[in-house]
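Two complexes, one shared chain (chain A), two partners (chain B, chain C).
Presenting the complex of A and B:
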């Protein structure tokens, strides 16, 4: 059984590519395109790693980190996908407990390396 | 006298030849140089006189007083026709250059000024065309034809066209053809449709609500000779009694402010009356202010070769048998006359062609570079940019794919000079209007490019030749690598990308009206990643700029950038499709 990845990204295009690559890399992927759904999913199941876009409808990546760390009290690694020029957000994300971040445009290969590194820590 | 004028011209010419021959240019002294210059000048003014007052010399002396006046009128009208033609050429340049200017990066203020130039020159052009039309008709230069045509379907076509003119109002369009109106008659169908479109067009312009009704019935019949009455009744603003009397005088619109409110040059009805007069008909206006106008005219027709079933069967056999040859052919039609355009599109579509009509030069060039067009049909005598100019622009295009597409010209009159011009420009063939379906079919078959033979060759040639605009470049090789070379995945992603782009276009369209820049910025932000994935760096930069203009609250700039996006994105998508196609083949 491969590791379970929660992929939270409302950009269907990027999500499709990442989904494809993660599955090829042997991961089980749950993809969700809005923050509300992500929260509901997390109430029932905790994946091995969370990859989340910082900008999402209903619940931003920042809120998501806060929710996972402070409400669910989970230490599941979180990788944030951010856009260039959003450095302030990245700092906030780290302060709230994000483990790593990757900047758009996302290289799937790089993301897979970063995921593997977090999981094997 | 005309002969003596020409002799005059010739003697001026030979004198010029002598003058030039006698002197070697190196040792021209001031005096000789002046003589040469004078000679040139007098040649020029003589030539000018000859051109601009065509038949005046011939008429003036030996005729009777009355004749002189009549002839003078005719020659004045020919003069108008000529000058109108001459004015059109520089005016077309103005319009053309204004178009080009619009493509450059302009400030909002400059943009508005170019718009104003375009509007003014287009209005002027319309006016000149109408003056030309008027003078052509009244001087007898206009060609009238006598052919068998289906009156009923002409009426239906005309009504169909009118329907397309009414967009924003609730007006009922009614057509009532009495059963004793013959189907096939002999006469001039294009002039009849011109008259009807003119009258119906007027009604459409002046009716705010209510109906427009075209009634047709036989007023008199004597054997095969028919007197048919057409009446166009509307519930428009109406015309006051005293104005009706002057309404057929050129340039007189009912009220001084009419043109301001409703546009137009005021020549439409004058032209219509001239045509009707020339065809032996009669026109009448009956109107009540604020309740409506009825314009009716009677026109003589003779019964045509009444063999509608015969005609139909010919049409059928053509379209099923020979039409197959053309199935899948992609054709560009440059034709400004809506009626003709409608008919030709109809026919070509029946033959299974893909037709692009209602286009201007810009759109045409875009289609030519982005699609595989097999043939161009070109009306030579279009107002605005005429067929010669459009053809020239196509032939001079730097992209070989665009410049090599066969062009078939068509026109109602085709002079020696036209034939020369066609050759020079590189127009492949021509059709004289009115043409039969067989002629049309044969000419297309003869000239259309053979797809299979040329494809590979032109593809090879095309590659280094295209210099695509930065904002239309894409490269899918990286994304394909990210997909581990799985083309299916790539196709899926490209599909998603296109959806995103469409969503963006729709989103901006809505939010630009309400100036909701925050939403637009969000939308642009979302799209950036996609453009990065397909390595469309130029377009990505544009989107980045658009996003930042949203954030710095510059709605005008956002709008400008969006316009560029709208223009370039289709080109980008074409490149994307081509790129994908190549990968699908591999």
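Presenting the complex of A and C:
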């Protein structure tokens, strides 16, 4: 069994594409399209790595980082993917505990490399 | 009075009659319309929702297919390859449906935004492979501008280069949205698109559009920009502006003259952009044009020009800016001018607004503290004098690098062993001394004939402050002169500013020949130039602020030129050989009275050599005699020699005696009518004097006059007013009575040619006075000096 990846993205097309690529890369992928689903999933199960978009319904990616780090007290690697790659977002994400930040457009191959690096740390 | 209602028969307002049946019909009509409306909204909403749901489902259906296509590689298994081929067939079947094709196109366009790298490339290839771009081509032929625009955008996003030829015709489309989309497409699709666009566009290029176009160019991989300077001549001013911005962004500095010319453009935007280019590329040649266009430029352009001048300008722009400072009325521009001035020449203009005067900070003391304050003040004054003296002594320092080179050129010259004159100058500066005797000059000259190394060394002395030395003649090259003045109490060094120097050069001349300037033994055997003594004669006036007359000034200039010409002939080889190994040269008086110029420890120091007040007075008197006297002063000169033990004074007096002895005329010549010495010396002064002066002059004639004044007095009696006539008569009678008593003695003296005390003996009292004080001298010259002083004091209060 491969590592479990939680993919949180409300963009169905991109999520599907990344899901496909990650599965093809040997990962076990769980896709959630909004923050509420993500939290529900995390309460029951903790993946090996979280790949999340920032802008999602119910709960943003920044809130998700805060939830994981401060409420769940988890050190699970978190990679943020966002088209809003402004400095403020990036800094906030890293301050709250994100492990990596990827700006859209994203290269699926690059994402795989980054995920593998975070998991293997 | 009110009318009861029952008595009113005709009402003023009648309600209109309405058939109630119509009311019901209208109610039904509105109800039906409302139902139709709501049904319509419901149907349309459902239709849209259905379409969206269908689209979404189609996207979900297409998504795995697209994923398979995007991440397919040759390493896949045979089953995967079969699956890939099946999907390709399946998707081709699907896109035969317009809706499906439209959805697939949307999916690909969406993914295009989110993907990068190889996935993006595969996606674009898939789009073209499925022939979806043909739909975009069809859109280009639509009559609806939004469809055409969308088609162009789609082709641009999917990088369909085949569309370039179709899109360029929209470059000058009248619909701005299509035009802008076409511009971006043309620039994006092909590298030469920007050239076509700049060549052909006739419309305005909006600022935002320029940014988008620049962004497109900026993100083009391996992009080689054309020379955008070629479009600076475009008829479309917006193209020129955009070209300037592209030139600036891509740092193309090959269009200097064109950019400078654009400073004169009528459009402010172009002017401003050209100025920015000039600043970025540091086109210093543009300064003249910047100054030229400044006058008629708008305010913002003026500010930009001042910025440019601040960046590019040198000290040469200061006069222009100072003129602007005086003429500019706009507050912000004037401030900018000042800041530009300070940028070019830091702290040229100091803050003046809201600055308290120094009096504001004055601290007042009571009587008890006043003594203490005075004591401090005296201490400060003494310290100041000491400091200024030290400054002069150590003012000029040469860095070690210069002195390393100066080993050879610095020489020691002893002029006493030769009759030559040596002069200290650099290539531009000539230092002269106004000593008449040939042996009194010490000049160290560095000429052009020196080896190059040595010349460079001497050039480095341009920074030296030689101003305490005698008068520097060359105004152009003289940068600074330190003016030494000796006051009554003590020596005080005063450093004048450069502006003051110019004035002082014109008006004043300082003679420092009384300073002992003699160098150690050195053989300056040959080719050291000599100067005519008269060329360097100093001029002293009674108030120590001598005014150089024009003839004298010309003389000095001529002498300067002569000196320069002769300096080139100096043979420095012999001088250089004489330099000592310790790199130490001391230039001293012949008797080593005081050290004046010293070269020690890689430093050159000049120290002033002040003499006592008595010697100074004697020297002043001697210089005045030298300037205005004649052989009649010989006895006075001998007396001065007896009175003074100073060698400087003695030497100078001897020089003057020597000069007057050779110049003195025979008594017969002296008193001949041609020479005019037979006339009264008061004649000329009298005729130029005012009434009060004439009275004073007559008093003086009475005191010192001789028979020579008789003619003058007789003329006065004949021509002047009563009071003067009375006074003149009195003086005349007094002189005649005196002359009768001393006539035999005078005749005896006239027989003696070389005994020149003929006049001085006429008035022993006056002679005695001259020895006591030069202001009360017994000779005619002394009396004239006294009178001149009196007149001067009177005129100046």
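Rule of thumb we're sticking to: the second predicted complex is superposed on the first by the 119 of 121 C-alpha atoms of A that agree within 3 Å, B and C clash if a C-alpha of one lies under 4 Å from a C-alpha of the other, contacts with A are read in each partner's own complex, and residues count from 1 in each chain.
Quick note on the criterion: a contact is a pair of C-beta atoms (placed from the backbone, for glycine too) under 8 Å apart; a residue touches a chain by one contact, two chains touch by 3 or more.
All of these numbers come straight from a predicted model, not from anything done at the bench.
Trainee: Answer with first, second, both or neither: which of chain B and chain C does A:110 touch in the superposed model?
Mentor: The answer is second: A:110 touches chain C but not chain B.
Trainee: Now for A:70: first (chain B), second (chain C), both, or neither, which partner does it touch?
Mentor: In the superposed model, A:70 contacts neither chain B nor chain C.
Trainee: Answer with first, second, both or neither: which of chain B and chain C does A:12 touch in the superposed model?
Mentor: In the superposition, A:12 touches chain B and chain C alike.
Trainee: Who does A:43 touch here: chain B (first), chain C (second), both, or neither?
Mentor: The answer is neither, since A:43 touches no partner chain.
Trainee: Name the contact category of A:20: first (chain B only), second (chain C only), both, or neither.
Mentor: both
Trainee: For A:55, select first, second, both or neither according to whether it touches chain B, chain C, the two together, or no partner.
Mentor: In the superposition, A:55 touches chain B alone.
Trainee: Residue by residue on chain A, keep only those touching chain B in one complex and chain C in the other, then list them.
Mentor: Overlap of chain B and chain C footprints on chain A: residues 11-14, 16-17, 20-21, 24, 83, 104-109.
Trainee: Enumerate the contact residues on chain A facing chain C in the complex.
Mentor: Per the stated touch rule, the residues are 11-14, 16-17, 20-21, 24, 83, 104-110.
Trainee: Would you tell me which residues of chain C are touching chain A in their complex?
Mentor: Going by the criterion above, the answer is residues 56, 59-60, 63-64, 66-68, 70-71, 107, 110-111, 113-120.
Trainee: Okay, in this complex, where on chain B does chain A touch?
Mentor: 479, 482-484, 486, 489, 492-493, 496-497, 499-500, 525-526, 528-530, 532-533
Trainee: Taking the complex as given, what residues does chain A use to touch chain B?
Mentor: Checking each residue of chain A against chain B gives 10-14, 16-17, 20-21, 24, 55, 83, 104-109.
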